[in-house]
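Consider the two complexes below, in which subunit A is the common component and subunit B and subunit C are the respective partners.
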Partner chain A sequence: MIEKKVIRELTAIVGAGNVFTDKADLVTYSYDAAVLAPVAPGVVARPVAPEMLGRIAALCNENGLPLTARGAGTNLSGGTIPEPDGVVVLTNGLNKILEINAADMYARVQPGVVTAKLAAAVAARGLFYPPDPGSQAVSTLGGNVAENAGGLRGLKYGVTRDYVMGLEFYDAPGNLVKTGSRTVKCVTGYNLTGLMVGSEGTLGVISEIILKLIPPPADRRAMIAVFNRMDDASRAVSAIIADRVVPATLEFMDNFTIRAVEAYSHAGLPEDAAALLLIEVDGHPAQVAEDAEKVEAICRKHGAAGIRVAADDAERDRVWEARRSALSALAKLRPTLVLEDATVPRSRIPDMVRELEAIAKKHDLSIGTFGHAGDGNLHPTILTDKRDAKEWRRVERAISDIFDAALSMGGTLSGEHGIGTAKSGFMERETGPGALVFSRRLKSAVDPKNILNPSKIIGRAEASLDFKSGDLKSGDFKSGDLKSGEPESGKPESGAAGAGV
Partner chain B sequence: MSDMKRLALMLKELEEQLTVCMKCGMCQSVCPLFEETGREADVARGKLALLDGLGREMFDDPAGVAERLNRCLLCGSCAANCPSGVRVLDIFIKARAILAGYMGLSPIKRAALRGMLAHPERFDRLVAWGSRFQKYFTRPVNDLVGTSCARFVSPLIGGRHFRPIAETPFHERTPALDTAAGASGLRVAFYVGCLLDKIFPEIAEDVVAVLNHHGVGIYMPEGQACCGIPALSSGDLKTFGALTRRNLERFDPGDFDYLVTACATCTSTIKEMWPLMAGRCGVDKVDGVDKADGVDGVDGGKISAIAAKAMDINQFLVSKLGVGAAPESSAGAAVVTYHDPCHLKKSLKVVAEPRIVIRANPECRLVEMPQSDWCCGLGGSFNLQYYQTSAAIGRRKRDNIRAVDPAVVATGCPACMLQISDALSRAGDRVAVRHPVQLYARTLRA
Partner chain C sequence: MIEKKVIRELTAIVGAGNVFTDKADLVTYSYDAAVLAPVAPGVVARPVAPEMLGRIAALCNENGLPLTARGAGTNLSGGTIPEPDGVVVLTNGLNKILEINAADMYARVQPGVVTAKLAAAVAARGLFYPPDPGSQAVSTLGGNVAENAGGLRGLKYGVTRDYVMGLEFYDAPGNLVKTGSRTVKCVTGYNLTGLMVGSEGTLGVISEIILKLIPPPADRRAMIAVFNRMDDASRAVSAIIADRVVPATLEFMDNFTIRAVEAYSHAGLPEDAAALLLIEVDGHPAQVAEDAEKVEAICRKHGAAGIRVAADDAERDRVWEARRSALSALAKLRPTLVLEDATVPRSRIPDMVRELEAIAKKHDLSIGTFGHAGDGNLHPTILTDKRDAKEWRRVERAISDIFDAALSMGGTLSGEHGIGTAKSGFMERETGPGALVFSRRLKSAVDPKNILNPSKIIGRAEASLDFKSGDLKSGDFKSGDLKSGEPESGKPESGAAGAGV
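Presenting the complex of A and B:
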């Protein structure tokens, strides 16, 4: 229970209509899009002015209350699931686009602005904000920055990190911190902007973001290439990039996904194809023509059975409609969908795809794989029913195997969904103990009472952790046996991420 | 058995459907209510989580859940856009029935639904009284939109600008019809619906005129009852069952080729809700309510036969009678914009036909408004319970209508017409609000 005094003070900060304490409201902030057990907070506050964020942080810090910032709650790794009796701070009341500056090509926004709304507003001014996470229709920019969200255009245009020029945020005691600038160049002080991007709300609460904008491409062309052998498709991906062509999007769908999409949307996809590549090149019209030709030739050279180039916008839309419906189509097959985002260097895609097939067979699971082949960020999608405890244990083992496979190829646990609580137990497998200890020291220095989204990314530190020696002993974490690398919790609903590419 | 256990058991039938929600949150992008409030309890994902939590006895606040469940327009935008295909409306309708069965109806709803709506003759008499006396309490406020407002401060009317009750309802002008198929070779049942009968009889007259013009036989029995949606959305299965049974007595699917309505909500209720609720709500079994009080005890086969024949009038005109757009609109054609009723576009997927019917009139030049399928915000009793929020959503619709500066806004649902009239009139706009059939009927008179 949160003390009445704290509720009163919260109410004084944000106003009576913006504090929720009814159980039936708290339950609706107990989850995000990850397949994890829900945890209801003690109170929810919805600030409507940025300075309220600082006052709330200070209040939480004084009272030792865990604070979890929440945008749209589309997180796929449990990053927005609060602590029991914690405080959820909604950012969707801070949803103003403060400035779109065409001369200096940046936008200044509040954290609760919806990604797609900014993209549309920017496009109306003849500019381009490229990051396009799958949840962009609802996701907030504050959430995108906190998670370093990716999207379909990562290969050519990069991810959210590449567009954050500066930030304002409130630290745990409630001080306003300004970092970065509206200028292209800025080396004033530590790169706190870089530190905040992807910090999942553990280091501060973002109150304002300066985002880089770029000119939109003048032309673009989309195509679908059909392959009868998975390896051919994978090699075509590597060959396209090796030939110095960087498509704006280079997406991949395996046979399982193709069949699901076709059954769902009857888009006319070849159901017997082993793999599809969905490719779009963009830029100057002359370059688009040249790149498109190159891509087509490479696909044919690597055994493409057919290539369809979109003749107009309507055909282009159909190409991307097929890709966009992949998740929906898979989601309709079984009650629970576990969406992973382990990522490998793109040259290892053929190996990773083979490995995923072996893992599906080994654990007797249905895994559909699609995703951003161009940047090595595949989305193996496990179809299951979380109510089936036996099958769920196989799912957890398969996830662990997927992580091991990605790491053995020099890849990473998470390309774009974040660590949250779902993968915090696996962190050390990738980074070794050094990064964890360093991160924990950093966290304890700037947030000594550990109020900012505790337990996310770096697990749950025990007070006894010996920071001075820097030794990471097993048993130092509640998350338990880091050596064995098991996820934090053995509960049936733990371990994996949910939907929403 | 504890009360919570009993409720959890009642909610069990929803579990299979609730599991389908993967909590991706995409419903936030299309929910008209969430757009206004930003509250998770207002969007489908939040409501589904509440039902799931209640069913799993994670918390004990059925009244809190019922209250939040009722804060919903039932527009179905979420279901139409759900990546994993959660049947949100089915779940919400059943859950409202379960919770109302568990907690009972509020006295006001009980009086309105069981005291009035369930008895069509009584309902007619009360409305006739209202029609006679409304002039003492209200005054016309916008002649072009056709709205009135309260003369004095009135808690019932508030700040609303409403379409007054017709002086003579349609059922008094034309009590019944029974004509044979003409040139078209088709005969339809005409289900009038409350709003056409009592507020927009001129639309009903145009429907009859259009059907006559095309040589369509009309079967229109006396004493039609409400389609039942106000009762169903309040979870009142008893009234819903009584109304459905009464309508089934009057309409025999063997008598007609199609059952047409000019009300998007009536069509979707008959086509989707009647079969959904036919003898399978499950509440009565747990609640000890007499089975005959639900929709049980009626012929499920008859319901499916009528549902299969139910059709929106625009769809009927275009797909069965071949009504097509005029080759081009005339030089001085009026700008007409079209609002997609949720029950037409999202429930029944009727999108092109009403637009074709409008364009069948060369005096109309159809110009699309932005976000034509964004809900108008009426939501039936939602408007009565949450007028401020409903009006805010209506204001958004009004702004989108005004963006194309039309002379007429057309829409295929009389309920949307009420809400749009209120929003336009309160903003002082001079835009006429019409049903597409009215625009088409003009070409026949000309």
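Presenting the complex of A and C:
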């Protein structure tokens, strides 16, 4: 239970209408798109001026209360699930686009601005903000920065990290930290901007974001390539990259996903195809024409049964709408959906697709695979029912196998969804102990009371901060309440309809 | 004096031929391109295997010895000037290109690989590593990462930070930390890669770097635009960016610099021009043709007296060679050269150029201005003689005025040269106290004995780590031996012939 005194002080900061303690409100903010077990906070506060964020942080720090900042709650790894009796800080009262500077090609925004809203405002000024997480229609830029959100255009345009020029945030004791600049080059001080991106609210509470904008491409062309063998499609992906074509988007969809999407959206996808590639090239019209021709030739060479080029923007939009509905479509099929985003170097996509098939067969599970193949960032999606304990054990083993497969190919646990609590038990398998210990030291230094979104990414930060010389061995440190390399029971569950992928 | 025991242990790590204690050797490694007062280290070690870096760090940590890693020593802010009786660790024994993976478009290198050598090896495989600091012929990739080196192509292609996908480094106690990935997307754990880039050797010693490669542009075209009024040239820069053209390179040179370069290199530059713009556009041939036409039209509209397009690669190379010689050429004119790189939002380039003229006049100083105008990153270069105490006082005041001018325009102290010791006393003027305190906490957490390149960037890290709540005020913390907002006498001197700009 949160003390009444704290509620009173919170109310003094944000105003009476912006503090919520009703059970219905607390339940509303107890989960995110990872559908991990919900955890109700003690209180929800909605600041309406940036300096209120600093005052709330100071209040939490003084009282040792866990603080979880929350945008739209679309994240897929449990990063916005609060602590019991903790404070949830909503950013939707800080939703102003402060500036769009067309001459210097940057935007300044508050953290609660919705991604698609900024993209539209920027487009209206003749500029382009590329990061387009699947949840862009509702996700917030603060959340995108905290999670380093990816999206469909990552292949050519990069991810959120590549667009954050500067930040203002409040640290745990409530001090304002300004980092980065409105200039495209800046090496003044540590790259705290880079450190904050993807730190999932564990190092500070973001109050302002400076985002880089670029000129939009002059032309674009979308197409769908239909394959009768999955292997052909995945080899075409690698061949496109190897041929030095960099499409804006290069997405993969297996038969399982195609059928689910078609049943859901009736977009006219070929339901008997083994796999589809959804491709968009953009840039100068001459470049677009050449790239499209190259892509088509490579797909045909690798056995594409057919290629359809979108005739106009309406058809193009239908293609991408269908793709964006993949997760929602799959979520309809079984009670529990486990969405992973282990990522491999792009040339290993054919190996990874084969491996995912083998893992599904080995554990007798339904896995639909789709995602950002051009980035090596697939989303194998396990359809299951968590109430079936026997099947759930097989799911846990399959997840572990997926991680091992990705790591054995030089890949990573998470391409864009983050670690949160869902994958923190697996971190060491990828990074070894050194990065974890180093990270815990950083966290502990700037948040010694561990109030900022505790337990996310690095597990319980109080563990293992002793200094020793020489090589750490894997058993040398304890990862708090997580068994090293083993997920907590129930933790790997993730994914939900409507979330961004 | 370093203890004999330490020398013996260092020798046991790197071998007898790789430890240097002769006075001549110590003097060789007592300075970098910043020509700050030289500081001789106690010993120089040259590891020839990456794990030796960890063992050296552990040895230094146990003995409380300052460790300064050194690539080619071309940096311009004192980042590689060691501590008295400290250990200099040379990286030139770790100079292997470990892998160029053309399919997945990345390279893995050791820190001592020379920038231009990697660029050439990558080009031979049909790929492109864009960052091109002025010193690329001798600078090392480890140094580029530690300083987040910029270069002439930053405008279109970004800086070193934009190409570092992953790192391995040894922390102060000598543990190996692995961060980032061979995949283009990776959100596994904190973005330690981003934090390390530009941290000037203060957080760890880099042992391996994974660098992103991209397809090279298909075509390019270089041109020189000649202006009779400086203001016209700087307004043309802003107009080019505002017209959504993104040249690969867009460099500015004032008359003072033109004459110095011409006297030095006889490249055929027009000595009576008030200013030159040196421009290169690249990409698809159709894009290049269009962009070149646009750039030419904009320059003429803004009063360009003439535009010369390089007829072939040889002429193009002459243009860039002349530009790259600017610093060397200016360094010939007076005994002391103070090179700054305060950076402004690009639309403010005309204001900044005018302001620099006014500052030169106000303090009765010769300032040659050239640099990466397209990035807002000019290099005003004060020619002086430090032995003239009266003139030197004027130089100090001019530097302070340059910083104030850049900051008043929403700019930054340093676009690409780093803070080192040269600008650490000015940091707070830009960031306020919050970022400095936060940064010192981070440093102190991972390097509690302050052995890793102490005093760089954040001044003396032991200062002011007390936690307090609420807003820090500017006077609330002490910055060690630096007066807040005031450079130490003699500190702002910087710049040297042959250095990279």
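In this text, the second predicted complex is superposed on the first by the 463 of 501 C-alpha atoms of A that agree within 3 Å, B and C clash if a C-alpha of one lies under 4 Å from a C-alpha of the other, contacts with A are read in each partner's own complex, and residues count from 1 in each chain.
Convention: contacts are C-beta pairs under 8 Å (C-beta built on N, C-alpha and C of every residue); 3 or more make two chains touch, one makes a residue touch a chain.
No experiment lies behind these values; they were computed from the predicted model shown.
K.L.:
Contacts for A:G415 in the overlay, against subunit B (first) and subunit C (second): which applies, first, second, both or neither?
P.N.:
second
K.L.:
Between subunit B (first) and subunit C (second), which, if any, makes contact with A:V109: first, second, both or neither?
P.N.:
Once the two structures are laid over each other on A, A:V109 reaches no partner at all.
K.L.:
In the overlaid three-chain picture, which partner chain does A:I13 touch, first (subunit B) or second (subunit C), both, or neither?
P.N.:
neither
K.L.:
State whether subunit B or subunit C is in contact with more residues of subunit A in the superposed arrangement.
P.N.:
Counting residues of subunit A touched by each partner, the higher count goes to C.
K.L.:
Looking at the overlay, what does A:N377 touch: subunit B (first), subunit C (second), both, or neither?
P.N.:
So A:N377 only meets subunit C here.
K.L.:
Considering only touches as defined above, state whether A:A33 meets subunit B (first), subunit C (second), both or neither.
P.N.:
first
K.L.:
Applying the touch criterion given at the start, work out whether A:A292 contacts subunit B, subunit C, both or neither, answering first, second, both or neither.
P.N.:
After superposition on chain A, A:A292 lies in contact with neither partner.
K.L.:
Could you say whether A:V437 touches subunit B, subunit C, both of them, or neither, answering first, second, both or neither?
P.N.:
second
K.L.:
After the superposition on A, what does A:T336 contact: first (subunit B), second (subunit C), both or neither?
P.N.:
Touch status of A:T336: first partner only.
K.L.:
Enumerate the contact residues on subunit A facing subunit B in the complex.
P.N.:
Subunit A reaches subunit B through residues 20, 22-25, 27-33, 35, 38, 40, 46, 72-74, 90, 92-93, 95, 114, 116, 135, 137-138, 327-328, 331-332, 335-337, 385, 387, 498-500.
K.L.:
Could you pull out which subunit B residues touch subunit A in their complex?
P.N.:
Residues in contact with subunit A: 16, 19-20, 22-26, 28-29, 38-41, 45-46, 49-50, 53, 58-61, 64-65, 67-68, 83-85.
K.L.:
For subunit C, which residues are in contact with subunit A within the complex?
P.N.:
Answer in residue numbers: 54-55, 58, 61-62, 101-106, 126, 147-148, 150, 154-155, 159, 161-162, 171, 173-179, 181-195, 197-199, 204, 214-215, 238, 241-242, 244, 246, 283-287, 290, 343-348, 372, 375-377, 410-419, 423, 427, 430-439, 441-442, 444-446, 448, 457-458, 467-472.
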